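What follows is a set of notes on a single structure, which appears directly below.
Note that the chains take the letters A, B, C, D, E and F in the order they are written out, and that residue 1 is the start of every chain.
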Amino acid sequence: MTSWLPTLKTATPEEGYELAVKLARVAVKLTQPDAEVRDRLRPEYAEDADALIAVSQVVATHFATVAAANDYWRGKA
Amino acid sequence: MTSWLPTLKTATPEEGYELAVKLARVAVKLTQPDAEVRDRLRPEYAEDADALIAVSQVVATHFATVAAANDYWRGKA
Amino acid sequence: MTSWLPTLKTATPEEGYELAVKLARVAVKLTQPDAEVRDRLRPEYAEDADALIAVSQVVATHFATVAAANDYWRGKA
Amino acid sequence: MTSWLPTLKTATPEEGYELAVKLARVAVKLTQPDAEVRDRLRPEYAEDADALIAVSQVVATHFATVAAANDYWRGKA
Amino acid sequence: MTSWLPTLKTATPEEGYELAVKLARVAVKLTQPDAEVRDRLRPEYAEDADALIAVSQVVATHFATVAAANDYWRGKA
Amino acid sequence: MTSWLPTLKTATPEEGYELAVKLARVAVKLTQPDAEVRDRLRPEYAEDADALIAVSQVVATHFATVAAANDYWRGKA
């Protein structure tokens, strides 16, 4: 069985950001496991400025964690 | 008596994420101990995009703590 | 005179979580010192999903502090 | 001229918490310098559960900073 | 050309707090560059308890960063 | 192919702040990829005090990460 989160390590900051987006989404899935309900909610919040900003806040919080886990990709670039 | 939180250590990042979800839920239980009331509230917020994003924010905050406690699972993967 | 917060050290993660809950509640008391008003507000937010999630967020923030103060209880378990 | 914030050091965790409450209040004063307006707003939010929880969140964020500044009062208690 | 943010270093905690307030305001300016619109919005949120608390939350987050950047002004006071 | 986020390193705190603003915006783009919808939402939140403060909160969270990644630009200024 493969894990959806085998590691917090990513090759680049950009991939780290994508992982943060994924981490933000999984909590929603775990709280609302019904894909049909989630699909119904999506257009609603994707066209709501407040919800989009709130999603961005969750991503920011996870990105802090992923960045720390990667020592801010200091060896790169 | 067993503890619901014997340790913050988990074997994998995925299990750490699951622990973060649990940590988010326990505060709700402690503030609203009546399981019947919680069951009544659940469908309400599970179909509300704003509430789902807010839950995801709490999970993100706890995940930061659990990840730090596990030194970001650096020895793994 | 005894302090309500003599230390951030706790024996276990579970006790640390309980301390985080307490830390979240004290700020409410300091802002609204009238116990009668607080008692009136309690059922209101304890049956409101958004408020319960917001309380959980405050607890998460304090738990991060308490966990760091205890070096994540690394010597335990 | 004395400073309202000469240091982040406090003798005890409890005093650190009080400093966090103060830090939360000063930003409100700087954004709304008119004491009369603030006095008018106070009863409003002091009887509003959501506002009280939001205040508690700000205090939690400042307490994290003050606690770190005091190395979590590790030498005490 | 002078920078509005040449450094995160401040002489005192109080100046650090003032910098945090400034950091909170600049994001608003960058998102709403029209000074006239901002002037129109100001009385609105400056008399709204929820908005004042939200501003205080942003300041708290920036103050954490500024305080860490100054090693909590440990050499002072 | 160039990355939108090759590094978290910036030459100055001001550039770090600009990167934080960018990091806040990208999550919105990833959640609402339709530029037309985003353009429609923009005036809405850019004239809403609560939304502007919420954006500022996301920027503050990212700025904390960028500042840490740059060791608070301690060698500068």
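Here, a residue touches a chain if its C-beta (ideal position, glycine included) is under 8 Å from a C-beta of that chain, and two chains touch if they have at least 3 such contacts.
Chain labels with UniProt names: A, B, C, D, E, F = Hexameric tyrosine-coordinated heme protein.
What you see is a predicted model, and the numbers here were worked out from it, not measured in a lab.
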| item | value |
| --- | --- |
| Contacts common to subunit C and subunit F (chain labels) | none |
| Other chains in touch with both subunit C and subunit D | none |
| Most distant chain from subunit B, judged by the mean position of its C-alpha atoms | E |
| Separation of subunit D from subunit F, taking each centre as the mean of its C-alpha atoms, in whole Å | 27 |
| Subunit B and subunit C, separation of their C-alpha mean positions in angstrom | 16 |
| Subunit C residues counted as touching two or more neighbouring chains | 45, 48, 50, 54-55, 57, 61, 64, 68 |
| Overall pattern in which the protein chains touch one another (line/ring/star/complete/other) | ring |
| Chain order, ring traversed from subunit A with subunit F following | A, F, E, D, C, B |
| Complex contacts: residues of subunit A adjacent to subunit B | 3-9, 23-28, 30-32, 37, 41, 44-45, 48, 50-51, 54-55, 57-58, 61-62, 64-65, 68-69 |
| Subunit D to subunit C touching residues, read off their complex | 12-14, 17, 21, 45-50, 52-57, 59-61, 63-64, 67-68, 72-74, 76-77 |
